[in-house]
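Scrolling down, you'll hit the structures one after another.
What follows is a pair of complexes built around subunit A, which joins subunit B in one and subunit C in the other.
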Partner chain A sequence: MAETKQVIVSVKRQAGPKEGARWEEFSLRWRPSMNVIICLRDIAENPVTRGGQKTTPISYDSNCLEEICGSCAMLINGRARMACSALVDQLEQPIRIAPMSKFPLVRDLAVDRQFMFESLKRVKAWIPIDGTYNLGEGPRVSPEIQEKGYPLSNCISCGNCLEVCPQVNEHNQFVGAAIISQVRLFNMHPTGAMNKSERLAALMGPGGIQECANAQNCVHACPKGIPLTESIAEVNRDAWKQALLGWLAG
Partner chain B sequence: MSSTTTQPDTSYLLRKLHSFTGLLPVGAFLAEHFWSNSSALVSRAKYDATSQELQTIPFRLIVEWGGIFLPMLFHGGYGIYIWLRGKSNVSAYPWVGNWLYVTQRYTGLIAFAYIGWHLYTERWLTHGTSTYESVAMDMQNPWYLTFFVVGVLASSFHLGVGIWNFLCKWGLAATVRAQQAAGQFGALVGVAFSVVGILIILSFRFDWHPFSAYLPPTK
Partner chain C sequence: MRQPKIIVVGGGLAGLMTTIRVAEAGIPVDLFSIVPVKRSHSVCAQGGINAAKNQKGEGDTVDKHFDDTIYGGDFLANQPLVKRMCEAAPGIIDLLDRMGVMFNRTPEGLLDYRRFGGTLYHRTAFAGATTGQQLLYALDEQVRRHESEGKVKKFEGATFLSAVIDKGGVCRGICAMDLRSMEVKTYAADALVFATGGNGAIFGRSTNSVVCTGSSQAALFQQGVDYANGEFIQVHPTAIPGEDKLRLMSESARGEGGRVWVPRSPADKRAPRSIPEAQRFYFLEEWYPKYGNLVPRDIATRAIHRIVYQEKLGIDGQPAVYLDVTHIPRETLDRKLEGILEIYEKFCGVDPRVEPMKVFPAMHYTMGGIWVNAEDQATNVPGIYAAGECEYQYHGANRLGANSLVSCIFGGGIAGPAAVKYAKNLEKGAESTPSAVFDAERKRQEEKNQKLISQDGSENPITLWRELGDVMTEHVTVTRINKNLEMADAKIRVLQERSKKINLSDRAKWSNQTLNFARELENMMVLARVITLGALARNESRGAHYKPDFPERDDANWLKTTRAKWVNNDIQLTYEPVDISLIKPRPRRYDAAK
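Let's turn to the complex of A and B:
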């Protein structure tokens, strides 16, 4: 046990969206409860490849380091997951780390998830409470709705559910499971429900809920265990009722 | 992207129509078709009578085109378009639902090709007057026979998974438990159709009529 245990990490490097990509391998000193972010930090401390070549620190996003900010999603050994909760001891080595493939690349492992925020805006994923005068108290939220809504409110906009979805790709503009689940959350809230039909209409636009093909990958990939397939089914039911019966029954 | 509109996009309506036509009329027709052809399991004469009966329904062309051919053409054609807009990733994420997503596309294509060929040989070439004799003749050809078996299995699978998809996608089965039950129901339909379909093929191939005992004794 004299020699120190090493962790072999292979990282996909790309200086920018238009530059060529290459893989760099690093050998790091193993420590207990190491996660992928720690690996990336170690590399930043001493950016030298396994072959002894000097290189640059790796660009990536992270913040909370406790799977709550959603910024550190990447492909680890080919699967979309959060780097801060990906423990080295549970990963096959060499650990291959690549950026998410469904979002525009910024540099190395950093991607631009603006698409998700634009989609959230498009479906009005909020509850409007501002007015030019005091709107007073809103209706009470029943304990049942609180209980149903809480898990949905755990979404950290990491984008894993979009990354694993076969329907999210360059051929269409599918908004993805997270956004649909947020529509469910805000539509079930008694004040939020006042904009329900607008949200549903936005979800029946281009790239809307119709693009879901029920592969159900999203629910497996969500780090927060959000019942995404249930959300999609419920929003789907509300949507077709509005589309089909809206013009009949008003 | 104007957010004030309340009208669904055409792609929404076409997608819903695609999903719906898969069940009605296409799925329903498949059920009817298997049911009618099951008469071969009783006797040759029963099959010919059923066939005759179907060949002489009123408004036949309208029913065939409006209720069967055109909806099938739309379901298949739009299904291919949907396929082209997806990008499967089952090797990276080999989960059951993801496998079904992929197989649903391949079985759909096989079923579509098979049904096209089946219509051509059994409806077009026979001018809509197929008999037990003519079908049994076709079944002697090992290539025809293989294509029949593959086509029946692909169609049955596609219908079973399609029912599961339908129940999930219209929100009729929303909770995890309900979706599990919907999946079991879809599997049951797929297996039942496969078994019945294969029995019908065996009946034609081997002149086999297991339900002939239902017929009144001939004396």
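Let's turn to the complex of A and C:
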């Protein structure tokens, strides 16, 4: 009889933001269509390392498990990606799993991405409607605009684009590609366009769009295939135009 | 004047709509959610949202939407509120449109509509195949705007443990746990709205997200909030089997022309594309010529089970059938269904534009939920309201596709103002409640945590959960047989006993996810029993509830709402009449037009 196939997983452990980090290795029973989430659940069910040491279940964020909630972003074999769609059979072993490095650590693989939601506030990423009472239909939108806007509105705030960006570091509060792309989305909408200049202004100054150094890592790391570099280029043009016009107007 | 305070628990569509309505009324809201609200399970809704706008000139009307919903729900829903929902639906679409949802458009720039199950009209507005995500984001953005103006305070990463109820039986706040610090705290409020979603985790694997455990509903139930029609669980006909999750393949695939089939001969091992048309069995189209692939979900699910388990025609002898969209032009697929086709491609490694998908039914939605009244989403406990999937009001014995998003937004839109009105009219607000009431509840919850953390048992919570899911999926989903239901209930009680010996394997007081899961599991088992006992008692077949030993709908004995109560620490089933004042019940069949 063939030996049961095993999956070797190595996880970076850290009990809390101020605790030291260590790596733990686990040997799990292989099954078809296994993903990294299943590995983490297996460990929770039997928290024993490959060396036979008892340990604790691993803390991590997850929710939808179909790559649309944005929860389970982590570094898998060094790459920022979603754990649910990281299929074991497509990964080199031992599979090395670590938390994202650009966000404050909570415990093990769980990090705090509140910065992204705060940035959405900063750029006023919403349509300022008058109220939820009945005011009739919205503005007409051409299929062309819809086909441009819809992909942008797929952003799941996973943070992968920030994780891979060299400009996101301890010296810099760069808002990142996802947020800039949201500005493009809202500025494109007929009602949203009324507050276009406000959003562009919010993208100037510390941490704003000028921090982008055009490394273009973001667009490759985006699990939703959002044209992030295109968004940055377009918003950048608009922002410069606005700054220049402001300067000319004195 | 006293400034009232509202707490909303749950940040999916219903909770966010509630929050917006309360904030608009100028009342401060505390919004509690386990996950950042943008990551709520509403993002998983795919196909669309219903409203009879008659935008295709087919003669669709609000009355037809209303009739389809009641008929689809096999006459178990109270009718007046459903009618109000259908009337409000076109306005809800307008509102979402104004919020900037990137709905698909017609060449004229109007909203496009597609067909969905249980109707013959193009009634479903959609944003690709990720409509729930797009709607959730629109409401999330509006709430963020109110938050930045100081009207909403979010408590993300906090889980609801229990309600704080005073000696007079009035709810005065909640007890919640921060999932990082594990700190248990109470929060006072004059009214509470629960929008805590579904309970798929009770079935182990489902189309639901990880947080959909039904734990909050179960906790409230054990504090005296009644639970209605728990036995009505929707099993979606088309999902991708998986070990961690059963990933939904939206009804919109069939709405856009997708066809369900199996090879006519079980011995046929050819690749699906090389099987000639005549040797394919399009069983839904043959059995239900009028609705075809767009029969309601309970009908399609039972048909697939029949094909697999009775006719033994599952693909390769496996529990699977083909969902085929390969005949639809690629351009249409990418414009209208890309989101779900990508999910299939990513998780199965096969391009569904080229190769038919292999799918099987999966637990998807609960029609049952917290009992609320027929006017304003109030539960039987003063001060507690509920909206969205966690309550039972709108879908009867079976929910029609694309009706869930509309019911969440409609329900939230009612619950918010109702909670405000209640809070404003209170003679004495939560501030008058003695602090001892809050302290006692906090202590009760802290002691539970302490016990779980310190006990040295032999049972693993994940193992118990898997066993719970297995027994629920096998016996309490598509086909229900009384002796099996009795067995299932006995098994759940054994699991409850075993859960007293849980070992968390983690004593940390920081981000201890196992502690929270063990608490949820305890609640899931209570709700599992409510579902199972409700199913056991109901000796008829109606909508999603099917008993081969009682194959007919029995209006004489069972046209009534199950209302479970928690009495002396146990489940008691009571019944109440259904409001059928607007449409007289008639036999429900989908092989011919209604």
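Here is the rule we use: the second predicted complex is superposed on the first by the 237 of 250 C-alpha atoms of A that agree within 3 Å, B and C clash if a C-alpha of one lies under 4 Å from a C-alpha of the other, contacts with A are read in each partner's own complex, and residues count from 1 in each chain.
Rule of thumb we're sticking to: a contact is a pair of C-beta atoms (placed from the backbone, for glycine too) under 8 Å apart; a residue touches a chain by one contact, two chains touch by 3 or more.
Since we're looking at a predicted model, the values are computed, not measured.
Bringing the complexes onto one copy of subunit A puts subunit B beside subunit C with no clash.
Using the contact criterion defined above for the overlaid structures, shared-chain residue A:128 touches subunit C, although it does not reach subunit B. When the two structures are aligned on the shared chain, A:229 is found in touch with subunit B, with no touch to subunit C.
Shared-chain residue A:249: touches no atom of subunit B or subunit C.
With the two structures brought together on chain A, the opening angle seen from the C-alpha centre of subunit A toward subunit B and subunit C is 160°, to the nearest 10. Legend: residue contacts after superposition of the two complexes on their common chain; A:57 is shown touching subunit C, with no touch to subunit B. In the superposition on chain A, A:206 makes contact with subunit B only, while subunit C stays out of contact range. By the document's definition of touching, of the two partners only subunit C reaches A:138; subunit B does not. Between subunit B and subunit C, C contacts the larger number of subunit A residues. The least CA distance from subunit B to subunit C in the superposed model is 11 Å.
Annotation: subunit A residues 124 touch subunit B in one complex and subunit C in the other. Note for the complex: subunit A touches subunit C at residues 15-16, 31, 33-35, 37-38, 41, 44-47, 54-57, 59-71, 84-85, 87, 106-108, 110, 113-114, 117, 120-121, 124-129, 131-132, 134-138, 140-143, 146-147, 149-150, 153-154, 156-157, 186, 189, 191-192. Residues 78-79, 122, 124, 164, 166-167, 169, 171-172, 197-198, 201-202, 204-206, 208-217, 220-221, 227, 229-230, 232-240, 242-243, 246 of subunit A are the ones touching subunit B in the complex. Of all the residues in subunit C, the ones that touch subunit A in their complex are 17, 20-21, 24, 35-36, 38-41, 43-44, 91, 94-95, 97-100, 102-110, 127-128, 130, 133-134, 137-138, 141-142, 144-145, 147-148, 180, 209-211, 242-245, 247-248, 335, 339, 343, 346-349, 413, 460, 462-463, 505-506, 508, 510-514.
Every residue of subunit B that touches subunit A in the complex is listed here, in rising order: 1, 3-9, 11-13, 15-16, 82, 84-89, 92-93, 95, 97-98, 100-101, 164-165, 168-176, 179.
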